[in-house]
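Per-chain numbering from 1; labels A, B, C and D assigned in written order.
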């Protein structure tokens, strides 16, 4: 038996619904249809009345989730694509994000955002928006890179008393497989050493973890041992694990699929430069998507985002510094 | 005669309207009333039919500005507060920002966002959102800190063939004064040395330039010469000027009124760490608002944002490193 | 879609609503006195930031508060001082929030009209107009999930707020889910300085009801009896499961947008329209004319209101403001997930 | 507010609209052939990303395109292949965008239905539903400022798109400004898998018109004559300065949401409703029955369409895709303001 990243997300939602009567799911086409990506397949049949189809009203969807949370529920919102969350932006960052701080009442909502690029997705079905959410106070931003994390972090997200922005990567949905679902997991907020190494640290998250691992594999043949850190949660950022890794390797490359300006990679570099300056044997580097919209055409798209190849090139350059 | 920051903004709009028939102004209460802050005072009387009151529809306001720009106009949009731009977010970042790249047709709109904190403003009338706009491709983000820049950069903004997000700081509106309006100006995209010094570089923008200058003044009494760089435009970021200053001083403190995660300060630190690592004699530092919503109460507010005092403390600490 | 239109009510000699009317009038007067105090504190420089009053809108607002009961949810807006008090908000909560006492419900973190106690059903507003409507829907959905029956959710908007996408998405959402939402629109002719002619083009905002498939009600918002009747009817219908109710009241704002604003843009012609008459004065005339209260009773109550308000203000002025050094700057409820990282 | 409701039209022996009807029918057929080709290219794995067809919606869509003229502006949506062609979009533009040719209007940067040429009045859609409506308003405002008269702006939405805040804000904006906007709603019963019962609760979407103060029109969207008449009337009224027009058509989507979708969720009962009949077949029956075209003429035109489409596809398949090394990754029109900084 093997289970995909997407199935893990479905399974986590099924478990959350089964375990906790406060949980419900709200989003476009999530009901009988099972969602645009089938992440809620069969759930409306298994849990009648608890998986609600929403109108095309992202602002009202998030607003209602906030109200339900205040009334004691644990809503999971599915946006059809992360890109459409820009319509629910105000409710997410201003209302949900500030709720606990203003009122002392928690606002436990989980917003599932199918994000990241796929071939042919184009400018508005490919975005990686983690940084704009992480910029705001009061939210937790998760970016699971593995099947196991997709499962256990989503369960965590539902359990957490704060708004969680859960970026699931569409590129990983079908391709990424695991043997079985985990029974235990690292705590939220802890990064993971996805591959140990001593010559350089590559910090990555979401789909980029796999590109980084592939690059590390490639460089292993050149007798370079790269440590890959999977952030798992980009906010809070596990600065300790990053710093400990950089202390071992002396070199840092941070990779993100999002745009560079003010991205997660900028935040990681800023923190390491500030707090780990003396650990560095070379200037820290980052690799991001190009600063243009995400292109539609596969060959442009492949050049727009970081890939194992471009990461390997950047890593080799960094080793030479 | 003296002219305030706010009057400069009014004057620039008057000049833009007078010089270019393609210019019009659209926003809530901007007409006969002259705007919530009076930034368009008398303009509807002076330019009949060219200053339009809008309904409370930020999304449609920006959308209409985009359409008008495509039809050859040069709209200036006023949002009543920068915070409300989260409602027009999708049109700004996705539609306007991607327009030229997708279609090869420019989208010259100027969006004026009265931003930043004032005493008693509270969580939703105080935000500094420059970083979330700068994260997106295809926009120019301006943050004038002086009366002269408020004037000349706004004229530039209207002339530029791209969407310009123009952050005017409410705290500077009435307090900041100049003798007269400038007749020439630095080009957009160039940072300014607001105060020369050789011991440390403080990079700041918008209202924080004045806090930084006050801190520099304070430290001057301690025989420390601080160079203050006013970014003027946060995107594009004038990395050259920053780097040249850091090359002179060896020390960098970057100050922003926005939240830290992925802020302009993170971007500046990341670039300096990457490209100017060897110029640094000490770890680069940053100072930001606390990672919570902006508090309503003046004493909380004063502790939430960087001030001359906290900048001076941070600067002294950095000098000791 | 059926529409109830109530025109100005004809005074009934001894209406059965006598007790309710008196209660409402007293609530309106208390709200006015509190508002007046805020205005004077503002003029005296004692309040940080803006002050937003409900002058002229008390009849409508109080009717909303009175029609609700414990367990219901209410998301008032900037002109709902009367409705808040009627729903059970204390004078202290209002004063503490305006004066920035840490003992207030917002603990000086948020101010003025941005106050509430979500767990008692009083939702603190977001500044962004329209944003409260879907949140009320969500609470009602939550009640439905939890099997809590016969609760109602009410929220108020100005006519300007109807131009927001949030209003539209949420009213439609309530209609699709058939939620017991009562959405009260105070068409006070202006959104800040913007007249209705620049805000919408329909004949009356109640004409929107049919396009959402909800019941519409319209009334003169300065007529307390009409307000009590129509809002009461709307709330009762929602409670009975008849789905969302859209109430549209016509009135005039008898103050500036905020206390910084002299409202000089208001068309003088409007000021002499019947719907522009002060609802509080009309209600007072009515209780006196009907002999429901004597002039002395009214004066006693006014004096009592002043005393309550003065006492609250005096108490709060002795209360501590926030201590920034005691503040731990943690936005998350899950403290263990807080980075505590502020970029410094 | 006045409302024109046109029920299914009674065939007129030799209607004056004969020429227009034939033109429309030919346009529908071309659009169908092109759509079929996209579907087969998709099945053959030749298209990256999704394919969205207008099958069953050609009568409505073509009527919009035909009612417009040069100088007008049109913001089509995902099911407007027919309207695009009628408005003047070339087959090549469509094929090049789907196949990612750099010679296409979007230069392989954007794909499938996200195409247009703003300077010819054909606005490329944003994916976010509803977002095109205010942009059309803006173009019309621009025309007003520039003194360009009697141009019309049309845009289409599905019934699902009416739930967006963008739709609401923009229709209200058009009404306040009295813009010549024609907003055409294709109520094809489903938004992706979501039936109208989960999308809105009003009786008919045309009931929204009165709440905006705009004229509403409703019709059966598979009746080409009704489409030509009603859409033509709406466009003419807008052009005459009668303000925004809301057109609501009832029909059924005769394909999946995209070609990846088998649409198995569609209620079989709906499929046998009169409004579910294929508009193209109905139009063909009509031109044949009226003797406006002979069967052979129809077949010749169909063959010609196939040939045009095949030629375009063959040509585009020989055209280059984008060269990432030639790409300068500059999102700004003001190249001198581009940082050229990509974080690498």
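Heads up, the rule we're going with is that a residue touches a chain if its C-beta (ideal position, glycine included) is under 8 Å from a C-beta of that chain, and two chains touch if they have at least 3 such contacts.
A quick note: this is a predicted structure, and the numbers were derived from the prediction, not measured.
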> By label order, what chains touch chain B and chain D together?
Replying inline: A, C
> Measuring between mean CA coordinates, which chain is farthest from chain C?
Replying inline: D
> So, what's the distance in Å between the C-alpha centres of chain C and chain B?
Replying inline: 36
> chain A to chain C: how many Å between their CA centres?
Replying inline: 40
>> Centroid from C-alpha atoms only, then distance chain C to chain D, rounded to Å. What do you get?
In response: 44
> Which chain C residues reach two or more other chains?
Replying inline: 106, 109-110, 114, 126, 128, 163-166, 169, 172, 176, 198-200, 330-331, 339, 341, 343
>> Could you pull out the residues of chain B that touch at least 2 other chains?
In response: 54-55, 57, 59, 83, 86-87, 90, 94, 97-98, 101-102, 123-124, 137-138, 235, 237, 259-261, 263, 265-266, 270, 285-286, 291-293
> So how do the chains connect up here, line, ring, star, complete, or something else (other)?
Replying inline: complete
> Hey, which residues of chain D end up touching chain A in the complex?
Replying inline: 47-50, 100, 106, 108-112, 114, 126-130, 160-161, 163-166, 191-194, 198-200, 265, 321-325, 327, 329-331, 339, 341-344
>> With touch defined as at the start, can you tell me which chain B residues reach chain C in the complex?
In response: 28-29, 31-33, 36, 53-57, 59, 81, 83-84, 86-87, 119-125, 256, 259-261, 263, 265-266, 285-293, 295-300, 302-304, 310, 314
>> Using the touch definition from the top, list the residues of chain D that touch chain C in their complex.
In response: 1, 163-169, 172, 175-176, 178, 197-203, 205, 207-214, 243
> In their complex, what parts of chain A are in touch with chain B?
Replying inline: 83, 86-87, 89-90, 93-94, 97-98, 101-102, 123-124, 131-132, 134-138, 235, 237, 258-267, 269-270, 272-275, 277-278, 280, 282-286, 291-293
>> Give the list of chain C residues in touch with chain A in this complex.
In response: 73, 105-107, 109-110, 114, 116-119, 123-124, 126, 128, 131, 133-143, 145-146, 165-166, 169-170, 172-173, 176, 330-334, 336-339, 341, 343
